[in-house]
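Worksheet: one structure, shown below.
When the chains are written out, they are named A, B, C, D and E in that same order, and each has its own residue count from 1.
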Amino acid sequence: MLGAEGLGKRYGPRWLFRDLRFTLERGDSLIVAGENGSGKSTLLKLLAGLVSPSEGTISLPTGDARTSLGYSALDLNVYPHLTAIEHLLLASRLRGCEPQVQPLLERVSLTRAANQRIGEFSTGMRARLKLAIAIQAAPKALLLDEPSASLDQAGRELAEEIIKDQRERGACVIATNDKAEWRLGTHVLELA
Amino acid sequence: MGGATAWGFTAPPAKGFPRPDLARIIFFHLPCAIGSTLFLTFAAYASLRYLLDKKGDWDVRASSAMEMGLVLSILTLLTGMLFARVQWGAWWDWQEVRMTSFLLVFLIVAAYFALRSSFGDRTKGAQVSAIYVMAALLPCFLLIFVAPRLPQFQSLHPDVIGKGGFDPTYNSIFLSTLTLVVIGCVWIYRLRVRAGKLEIDLENLSAKLADRNRPSAPRVVEPVPLSPER
Amino acid sequence: MSSSWRKEISALFVKEVQSELRGRSGLLNSLLFSLVTVVAVSLATFGHSISATFAAGMIWVALLFASSVALPRCFTLEEEQGTGDLLRLLARPHAVFWGKALYNLLLIFLVALVLGGLFLALVEIRGDRPVIPWLFLLSLLGAAGALAGAVTLCGALVAQAANRATLAGTISLPLLLPVLFLGVNGTRAGLGDGVLETGLTASIGLLCYGVASLAIGPYLFAAVWKH
Amino acid sequence: MLGAEGLGKRYGPRWLFRDLRFTLERGDSLIVAGENGSGKSTLLKLLAGLVSPSEGTISLPTGDARTSLGYSALDLNVYPHLTAIEHLLLASRLRGCEPQVQPLLERVSLTRAANQRIGEFSTGMRARLKLAIAIQAAPKALLLDEPSASLDQAGRELAEEIIKDQRERGACVIATNDKAEWRLGTHVLELA
Amino acid sequence: MSSSWRKEISALFVKEVQSELRGRSGLLNSLLFSLVTVVAVSLATFGHSISATFAAGMIWVALLFASSVALPRCFTLEEEQGTGDLLRLLARPHAVFWGKALYNLLLIFLVALVLGGLFLALVEIRGDRPVIPWLFLLSLLGAAGALAGAVTLCGALVAQAANRATLAGTISLPLLLPVLFLGVNGTRAGLGDGVLETGLTASIGLLCYGVASLAIGPYLFAAVWKH
């Protein structure tokens, strides 16, 4: 479903990682761990197509990457001058999927702030919105970079639930700095 | 107001205008010009006060004064254009400094509202626009008082007062329309300020209501016991 | 164009407009902006009756200004805000290019219209022939198209080549100069100077340039957009 | 040393909190907790002077706020085109304190990336740099908003150490979403 | 000015220059803009010589436009990048204003020099007297000062608005047009039209306006900078 074959990435002369290979099937959840700066986020960006690999290949789920991949990251920014609803509408029109605005906002508990500009959101609220955008099209593979950073207790439970749901639908890759989150994975990939 | 207008029509046609009988528009033109200058100046004062004591009232005063300034400057431009049409035969003349410079004053005032309405947050918008007024005052004065008098611009604008004034009937009619316009504007202005203040009060009130509905969580700061891990 | 493309492009266009028109009187802001631009240009020519050719030059200076204001909306803003990745995840490059180009087209055309109208109404233009409104309008339309195309493309290059600023500069200059050359020729013919045929050819050339850059643009853009 | 008296903040008609009062002395460490969107970050920004209170007053440590306060937050951004060293030099020149570039970089383990542009940093490396800037002038009060988000194990230990050092020098306020971090505090303030 | 102020201001100035050199393309864009403007004008006046007064007007319009696009960026960029808070924590408002204004002064002066040079080189200017280089230069310096002070402040005002790019133009152009009234006199005298004394007075007046706005600016700025 989602896989890598001999994948490597380097910046300048420095290799972040080389020769990674894995294949994830439905129900799999891969934890990507490692120190700060070890390349976890870079790996996720490679899988999401935001960065191009230096060597090796990536196999993606069939279909348009915009609907078959969901991606949410701590350092992904959203438009400060649009509202939560506008974001969901924009995303759905671009991907050609159902907007599902109300159910999604309820799921991530943002109904009350639905019409607020994102510039006025707290970091946790923004993280919730990004989760909502990531799962909007019911993707086959979900890539989450530090999903629980800046979420409160309820938010962490929500993230956990989303990951569980995702594993029923497809695969999941989670980059995390928190050992406590390892329990969300079926496999662990530790970058050095 | 109507009476003064009627009185205006009894005034003798003014000398020194190409179409003397239609010169009576001056009874509204000039008060509007003077009025907008006054409101602008007051707005700058109110803005300064707002910046100094951060009281919402002063912001309401400043923005209301700017609104009056905007309306009056539009009226000045319109009566002026009418004036130009009947006296010189053209709606607009770029060579006429007073026209051009007052157009710029109008643009500066209009830009105030463009700026103000671009901020969702009330206090941010208020602060920013207050500073804008302060910064704009000097250019406005340059435009109103200095630019038209620079020697290198030829002005078709009559400078009647400078050259010995109108005849007495003109003076009295003019003074009465001036007072009427000023009083009328001040009246409207005060209504506007009241409305603006009520708006703020309403917001404060709903804040209070919202506050009452909140579960009053006692925010005691308590020492935490050190956890076993430590 | 299939309906899915249309939907995507319009969604992106609406997003740009929403960001610009936020606030109670966004449209007013944009109109005021064009008015201010026009007054600034007219002032420099105030009082003198000017030749049609010169008027065309002035109109073009104002159009260039409007496009350089539109420029950052394009892509540099996305990179600076850090929202570029979101867009890359959600939208296809062609749609992105078209959405942005349409927005730029709208802004530049708005300025062009206000500018052209006011110039005709307020400035005394002295040409060899009377003004030819349709040609004038045609040249403005061509101008907006060509500038929007060129500017969007430049914007994309500048944003992507972040640390190669000089490179971007050298690329965008040859893109803009032909537009300028054709444009001034077209507009001045519309205003009544020069040979009519040359003007017509220039305007049509401008339109073609616009269409061409809007047609090729997405492909060039797609190459730089995804890393 | 650092205190609040009847402190309240509202956005529009909605009060985030009202009537907060506390005084922190040397050695105190206040944990600010609460759900996402409850106003933790806003409280820290109030204390740092980045947002103005709707009512009430704040008492700050004596001296120039630029040196007597340190602030680091998840949503504080640094300049993407400058390097780590340039940030520390800029900060020291602006505050008029010792730059201490090498010791600080060593402390937050960024020596290797000292000359890299921040735009190329990972989130965790950026968090470390922000910590370094916050403690550069040995502030009397240190305000940390989600200090351990995006830090790895070593980074979390570093943050803990920094907090401990800070408590010897003065007071500390920590906004967090993670209950595990409550142990770093002597007092807890829960916003609802 | 005490040494601590000097150190702070120079630190900020250096920061701006560093960021500019590493891929912010503000300077390049405005140089490009002035180049294209000059080309537009020389196309429009091709074969004809233009009067020094016109040339001065054109230079001023181009400078106004270039500055109202380029100068506000120093503040809007801080908000877009989200680095505004860092600066608020570290620097005193007066230092921020001065650092940015100095940088803008340098930027616009460079643009003015290039623009003036290109104009002299590419456009045939017909004046009553020959060009007086020092007066021309003086008037450009005055222009840079007056524009830098006012536009820097305007940039700070619009930085947090959604439609900042157009808004910056809308609010700064009308404020600057009266400056243009003054400035044109200096520049045209420098280029050889009009009375020399008037031109000198105008240039000095311009410099004074610049100094005044740089002196009052920080105080006004301090009121918006911290919330």
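The criterion applied here is as follows: contacts are C-beta pairs under 8 Å (C-beta built on N, C-alpha and C of every residue); 3 or more make two chains touch, one makes a residue touch a chain.
Quick caveat: nothing in here was measured; it's all calculated off a predicted structure.
Think of each touching pair as a link: the shortest run of links from chain A to chain C has 1 of them.
Shared contact partners of chain B and chain E, listed by label: C, D. When every pair of chains is scored by its C-beta contact pairs, the maximum goes to C-E. The angle of the rotation carrying chain C onto chain E, fitted on C-alpha atoms and rounded to the nearest 5, is 175°. Separating the centre of chain C from that of chain D, both taken as means of CA atoms, is a distance of 46 Å.
Between chain A and chain D the centroid-to-centroid distance comes to 28 Å (mean Cα coordinates, whole Å). With centres defined as mean CA coordinates, chain B is found 53 Å away from chain A.
Centre-to-centre separation of chain B and chain C, using mean CA positions: 35 Å. Chain B has residues 104, 107, 111, 114, 118-120 in contact with two or more other chains.
Multi-chain contact residues of chain E, defined as those touching 2 or more other chains: 22-24, 81, 161-163, 167, 170, 173-174, 177, 227.
Residue positions 75 of chain D are each in touch with at least two other chains.
The touching residues of chain C, when paired with chain E in their complex, are 19-23, 26, 29-30, 32-33, 36-37, 39-41, 43-45, 48, 51, 53-54, 56-58, 60-61, 64-65, 68-73, 76-77, 80-81, 107, 158, 162-166, 168-169, 172-173, 176-177, 180-181, 184-185, 188. In the complex of the two chains, the chain E residues touching chain B come out as 150, 153-154, 157-158, 160-163, 167, 170-171, 173-179, 181, 185, 194, 198, 212-213, 216, 220-221, 223-224, 227. Of all the residues in chain D, the ones that touch chain E in their complex are 45, 48-52, 66, 69, 71, 75-82, 86, 89-91, 93-96, 117, 133.
The touching residues of chain E, when paired with chain D in their complex, are 4, 7-8, 10-12, 14-15, 18-19, 22-24, 81-83, 85-86, 88-92, 95, 226-227.
In the complex of the two chains, the chain B residues touching chain E come out as 51, 101, 104, 107-108, 111, 114-115, 118-119, 123-124, 127-128, 130-132, 134-136, 138-139, 142-143, 147, 150, 152.
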